[in-house]
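Attaching a single structure in structure tokens format; questions to follow.
Each chain carries a letter (A, B, C and D) given by its place in the written order, and its residues are counted from 1.
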Amino acid sequence: MLYKPSSEKEEVDRWKEVTLVYNSALKEVGTKLEILNDEFQHVHQYNPIEHIKSRLKTPESIVKKLKSKDLEATIENMVEHVNDIAGIRVICSFTSDIYRIAEMISGQNDLTVLAVKDYIENPKPSGYKSYHMLVTVPIFLSNKVVDAKVEIQIRTVAMDFWASLEHKIRYKFEGNAPEHIKTALIQCAKMVSQLDDEMLSLNNEISKL
Amino acid sequence: MLYKPSSEKEEVDRWKEVTLVYNSALKEVGTKLEILNDEFQHVHQYNPIEHIKSRLKTPESIVKKLKSKDLEATIENMVEHVNDIAGIRVICSFTSDIYRIAEMISGQNDLTVLAVKDYIENPKPSGYKSYHMLVTVPIFLSNKVVDAKVEIQIRTVAMDFWASLEHKIRYKFEGNAPEHIKTALIQCAKMVSQLDDEMLSLNNEISKL
Amino acid sequence: MLYKPSSEKEEVDRWKEVTLVYNSALKEVGTKLEILNDEFQHVHQYNPIEHIKSRLKTPESIVKKLKSKDLEATIENMVEHVNDIAGIRVICSFTSDIYRIAEMISGQNDLTVLAVKDYIENPKPSGYKSYHMLVTVPIFLSNKVVDAKVEIQIRTVAMDFWASLEHKIRYKFEGNAPEHIKTALIQCAKMVSQLDDEMLSLNNEISKL
Amino acid sequence: MLYKPSSEKEEVDRWKEVTLVYNSALKEVGTKLEILNDEFQHVHQYNPIEHIKSRLKTPESIVKKLKSKDLEATIENMVEHVNDIAGIRVICSFTSDIYRIAEMISGQNDLTVLAVKDYIENPKPSGYKSYHMLVTVPIFLSNKVVDAKVEIQIRTVAMDFWASLEHKIRYKFEGNAPEHIKTALIQCAKMVSQLDDEMLSLNNEISKL
């Protein structure tokens, strides 16, 4: 990598440009998802997407992540090695919606899917469930096109509820939660899965009637 | 009631005015809730409100409700007897947030709380849980102040998930769902309550640590 | 043209789909303009875009336009012959911004510029000034990509102010305004141009100091 | 005034609370103006408000303003002596709209109008024209009601265009613009007034036809 900022001002400028690109990526992917949801509503009279949240990772979190990977806090490392700087969370009602949305995203031929992690089929040991897609989206700037990475997390409302409590616990105990808390959290994750299963099967049943 | 529209045009005008007032009421109560949420975030570093949805009841639903009460479909009857023309739904994470939000709303001295129904303490036979408040909010028009009724429904994400499936079932079967569907729905409501209880108790426990 | 709807229901469905596509086009082009504005702000510390308005042409206006072209009111004719179904208006401060924005739009290689009308260089006889671009933008639906036409009108705040009065007059007199009104309007258009020229030259002068 | 923060932390907390209150005031007044505009549209089939911008004064500008008044930079001084911390700008088409909007605001009996400055009747020496109202709006917090000051500036699109260039000049030359720039600016202000007069009289004329 030959990139080398010649001064601090250049570094600040480059940081602003990078932020601009990731922000634009959030807007672009957000617009795409809105359009797909509108189309789905038009064809199936049903909104698969309950709501969407998007966020840009804070500089503090980015630096922390780089440190945890034993990497220097440079803009190059961040662009190369931190995949969730731009993050979009898609919340839906049923597990089946998750795969429908994932499929619609995969079908977009201007997006490139770099990686998929299906934590629904294979939950994390903590109990975490969610469907993650790492995609790149082309951002049309005035004189060039830049590909920007966006992490899309798709999950049900119940999984999302659980995940926000789990996040709070992880943050509070810095990853070292007491055993009984961890156990209780896994117990809650099971209840979330049972509820999602039961609600989905009920929904499927009434669709057939 | 002596009100009598002298013509259809007058009736249409009055309908538009009534719609304007209810729409304004949704905006005013929405702004109030945003401010309360910001304040809570400032004082407690915590957002009790996960998200808010607001809707105006469709003319069709209003007429249906009046019919079900054996009332003529007039604007006067609608203003008098239909309480949820303007509806705001406040979704929060934990059951304890519901009561916190309800208390903050009650404390606003320009709102008048007309009625409260606590379907969390006393769920409906269907399994429905939610906290309902019927309030009036003063709307300052250019030459007068009008009190408008707004129904505020406060519930957890899990209760909201359940309620949207229940609504779909009620709509599909027009209130006469097969027994096994009703039973399955009550079963799901129990799971929702258990999940909410478990998550709340876990949240309370980590707050104390 | 071989397209032939076999029934009224099909026609309604196709109308909804067409509306969906044009609405999506407004969202996509709106997002693109936001990104270009953010980039310009980042590079030049200056927002060329004052604000943006977008609108979908009403069915009534579409039918009227087709009639004025002696065309039957079919969806095919509308898609083929009505270019401003999806319209975006970009309002900026100075005439020089107009050309900057037009250039940025032309530079986007996923947009195709079908036509340009420079009513600033060549105002309409009424005095109307504005820069019009007809572009197509690809809309990524779940199973296909559709190119949708969008008319982009770029003008200064003063031109926009004039245009809204001119529109009101044209609408009121159905194109046949009394001569003295037309003359007064042309007089106002001259004042708008003088003001825009004076303000631009003052702005350029202070930029050099 | 006996208020005295016992520590820096307390000062920061109080600053955040004050910001919260002014932000809430912007939201409340914004909602009120939207409602008045909707009502006007309903009664007169016409939107007097073209668009609205709101902003919170930056800490830097607040400190600068206090210095220019020879006051210490304390939160108390800021709340007492800086009237435009929360500022809302209402842009309309015609001068007559300005007075209509001002009247509607004055008529709201939960707002208190503290002061009015009519820079349209009496423009500033620079050529500045605008209608300023200083009002207080009650903000309902969870346990108290706070009156917050908001400065409302009402002006036409042409006045607003002029004002943004004047602001740029004042900022660039820190109040000491060269004479020929000042003269050119006054010249532009005259053109703005003539344009506004001409457009208004044309609008009035067509309303009568």
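Things to note:
In this text, contacts are C-beta pairs under 8 Å (C-beta built on N, C-alpha and C of every residue); 3 or more make two chains touch, one makes a residue touch a chain.
Given the structure is predicted, the values throughout are model-derived calculations rather than measurements.
Averaging C-alpha coordinates per chain and comparing to subunit A, the farthest chain turns out to be D. At the interface between subunit C and subunit D, two copies of one sequence, more than half of the residue numbers in use are shared by both copies.
Here the spacing of subunit A and subunit C, counted between their Cα centres, is 36 Å.
Centre-to-centre separation of subunit C and subunit D, using mean CA positions: 31 Å.
With centres defined as mean CA coordinates, subunit C is found 41 Å away from subunit B. Counting only residues that touch two or more partner chains, subunit C has none.
Chains that are in contact with each other form these pairs: A-B, A-C, B-D, C-D. The part of subunit D that touches subunit C in the complex is made up of residues 51, 93, 156-158, 160-162, 164-165, 168-169, 172, 178, 181, 184-185, 187-188, 191-192, 194-195, 198-199, 202-203, 205-206, 209.
Across the complex, subunit B meets subunit D through its residues 16-17, 20, 23-24, 27-28, 31-32, 34-36, 38-40, 42, 104, 107-110, 138-143, 145.
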